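Please read the structure below before turning to the comments.
To keep things simple, chains are lettered A, B and C as they appear, and every chain counts its residues starting from 1.
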Amino acid sequence: MNELTVQNSSVFHGKRINRRTKTVILIILISAIIASALLAGVLISDEAVAADFTNAKQKPSFEHLFGTDWLGRDLFARTMKGLSISIVVGVVASLISAVIAVLVGIAAATGSKTLDGFINWLIDLVMGVPHLVLIILISFACGRGLKGLLAGIAITHWTSLARLIRAEVLQLRSEQYIAVSRKLGKSNGWILINHILPHMIPQFVVGLVLMFPHAILHEASISFLGYGLPPEQPAIGIILSESMKYLSSGMWWLAFFPGLTLVIIVILFDRLGDNLKMLIDPYSAQE
Amino acid sequence: MIVKRITNVFFRYALRVITLLFAVSVIGFTLVSLSPVDPVQQYVLSVGSVSPEQRAELEDYWGLNDPPVERFENCLSAILHGDFGTSLLYRRPVIDVIREKFANTFALMLCAWVFSGVIGFILGCVMGANRDRAADKILKRICLLLCSVPTFWLGLLLLLLFSVWLGWFPIGFSSPIGVMNSDVTIWQQIHHLILPALTLSLLSFANVALHTRQKLIDVLESDYVLFAKARGESKRQIMKRHGYRNIIMPALTLQFASFAELFGGSVLAENVFSYPGLGSAVSAAGLNSDVPLLLGITLFSALFVFTGNMIANLLYGAIDPQIKESYANE
Amino acid sequence: MVCKHEHLLDVQNLSVSFKMYDRGLVQKELKVISDLSVSVDRGEILAVVGSSGSGKSLLAHAIMGILPENAAIQGAMKYQGEDMTPEYQEKLRGRQIALVPQSVTYLDPLMRVEKQVLGAGKDAKKKIPALKGIFNRLELDESVGKQYPYQLSGGMARRVLVSTAVIGDAELVIADEPTPGMQTGQAIEALRIFRELADEGKGVLLITHDIDLALNFADKIAVFYAGTTLELASSGDFLSGEESLRHPYSKALWRAMPQNGFEPLDGFQPFSGSLPSGCLFSPRCSMCEKQCRQKIPEMRELRGGFVRCFHAT
């Protein structure tokens, strides 16, 4: 019996170490991919992805990992460039969105009942229009391009994190030590900065990490539809959208590899977010 | 009593929907007015050469010289009279375009909705009942993976596999090219529907499955299942008597609440497969600056989502014990 | 161990512990039942008496074999002389052994009461006449059968739960706190039903904190404290007074009864996470000595009962 227990607990310990190691490995992997993609964005000169008709329509090989397209452009180089754009867009958009979420969440929890009701209504509103349609509309309003893309993604992604933050702040507000601070004559602003905001940091980070894959997926979707970035900037969605014309001629690699790269990035971030959530709050985040 | 309660919920919700739809139209209108794209210019491009006088007339006709608020009022009163304007792209009243395209989209979404709901529910049950066993772990992995796959990429892969390599399905269009609309058989329509519907369902069943799995696990961990076990009920009996009964309504509620994702997914699936539905229309409207159509579809999609949410809310009310009481006393 | 007497249910040195996740993900073993021994014979009611939150329900769940997966069991449990392996327990559940659970949450919220009382299986419908009789005895209106659990009052729910156990032909009924929430008359009726079952030759294990009620119907009383039994006495011992009892805690319980002076015992029962190293009652015992704090006393026979105390005479 005792043996059994010891054994089991070591298994459990193993699991715990595992989670941390896993998180660290994920972070390293993601950093490596991001770094190489960003480096690629800067280093890969336009000539490397320039048309080269002698090498057109090549299948994947050691020379061209992902093959080449109908203009002879190296697909791997293009994908890495596209990834760097997608990542930048994703990070910036989710950052904006997470900041909106924190502000709105805190406002809903600490403001008047009317404000809370209004924010609730606003969330219903944002959730009520299919995100893709809303992003198309916002993109259209901003005259397409990067600005519309960022605005569209940022405006559609903050709702669930805002709800989470609101619930968290409401719970914090009912804690004893907040009441004590209030009795001690601390102002609401002081309490907000010293007690509430610090508690929001983990939520903010996890929310941000979990928002990122969604942002990147939406970015890809919207550029696939032809909004967002101009075709000269090869975002993954644009590469995929262009590949459609060549699918019937059997150039499967044009669609396969860029999409796969995107999926891998999305999965890595998703796993990282889940792992972070578990490390921060093992009880509520049981699988 | 139940009727009264449901009408009560219904009216409260309807009021909310009206305010929300109004807000959607205000925001939509504001957004398109902000756009640097000049609709007249777009129109002119599509029509061909237009003299400056005609152009001025057009601007006047569309009320572009009126102040924005007045334009919005005109626009709103037209909408209230059922007039959504004329689509620049299709040269037909927006309402007709929406009606026609929605019929296609509806067929697509209905298939995907039913299919993903049924498959998701079954898989969720399998996972929940076999929690932490190999089947559960593998299926869970697959579901989580599918959540990370972009709709259009999956669509592209299916297109490659089934249309290009296997040649089982056509590449695009809901009717064969060169055939008159009226000559399209129902079989041909279904033929063109399968791949986009499959794409759409593959992406939404994962959500239902994971949700159902969790619900079933909660049910199986409940006191009443423990008691059923204590009374000698077999696993199968427990699932039959307590399992399905307690998870079907939440799953159905979730399905109705997912209309927004369904619509978003159909925009992408329709674009990949050139399926002539609302999704193709909305992206085309945006790309071609067809403002009336863009606004019309936005409003329509919002109405669609709100309807789904309302049904979800009503269903949720139906599992609420307070409402169930009147069922029990009948 | 030569067949001296075969009990219907015989539990020897049962321990139940849970693996819990403590703060910071440190795993902890939580012993909720330790070294517990009880036995039930045909024709008798054994009442396991102890205050709430002392792990009594888990005893019932352990016997039924329905403990959660993170529970570990030690010790021996026998039903009619046969080892209760998980397979055997599965066979016994609902057929030989019936459980009366302790709260309305043990009823499916979306199923009508009647269907739940009748239970699963093909012959469920045949039990309808029996159901009517039992409902009648327990003062449950026939319409209750058509209701859903949330519509029942606390007392009604308990009576429904009692009826689930009585309707079968179980040889052993384990009743986990069956009476709270019932009116006195109904509680007495419920216990009278258990008494009748026992008189028909069945065995009843009654888990309760209501010592007063238990005394009037049970044959034997097991005094349960912090996850173990401190004394096993006949009901008669309790009725005849403090002197007939053996353990200081039993005596304190006796004195705490309303008719015996209502004198409460100071202190609290230790939590399962922080049990004392010696006798579990030692921190509250007036007779506590050094050895009590160092070693857990064994259960020993004394004056026709059993006691777990170094000093009891």
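Everything below uses one rule, namely that a contact is a pair of C-beta atoms (placed from the backbone, for glycine too) under 8 Å apart; a residue touches a chain by one contact, two chains touch by 3 or more.
Keep in mind the model is a prediction, meaning the values are calculated, not measured.
The greatest centre-to-centre gap from chain B, using C-alpha centroids, is found for C.
A comparison of the B-C and A-B interfaces places the larger number of contacting C-beta pairs at A-B.
Distance between chain centres (mean CA atoms), chain B to chain C: 55 Å. Rounded to whole angstrom, the centroid-to-centroid distance between chain A and chain B, based on C-alpha atoms, equals 23 Å. The set of chain A residues touching two or more other chains is empty. Those residues of chain A whose C-beta lies close enough to touch chain B in the complex are 121, 124-125, 127-134, 136-143, 213, 217, 220-221, 224-227, 237, 240, 243-244, 247-248, 250, 252, 255-256, 259, 262-263, 266-267, 270. Residues 222-224, 226-234, 237, 241-242, 245-246, 319, 321, 324-325, 328 of chain B touch chain C in their complex. By the touch criterion stated above, chain B contacts chain A in their complex at residues 16, 19-20, 23-24, 27-28, 30-32, 34-37, 144-145, 147-153, 156-157, 159-160, 163-164, 171, 260-261, 263-264, 267-268, 271-272, 282-283, 286-287, 289, 294, 297-298, 301-302, 305-306, 309. Every residue of chain C that touches chain B in the complex is listed here, in rising order: 61, 64, 66, 90, 93-95, 98-99, 101, 103, 105-112, 119-121, 146-148, 150-151, 164, 168.
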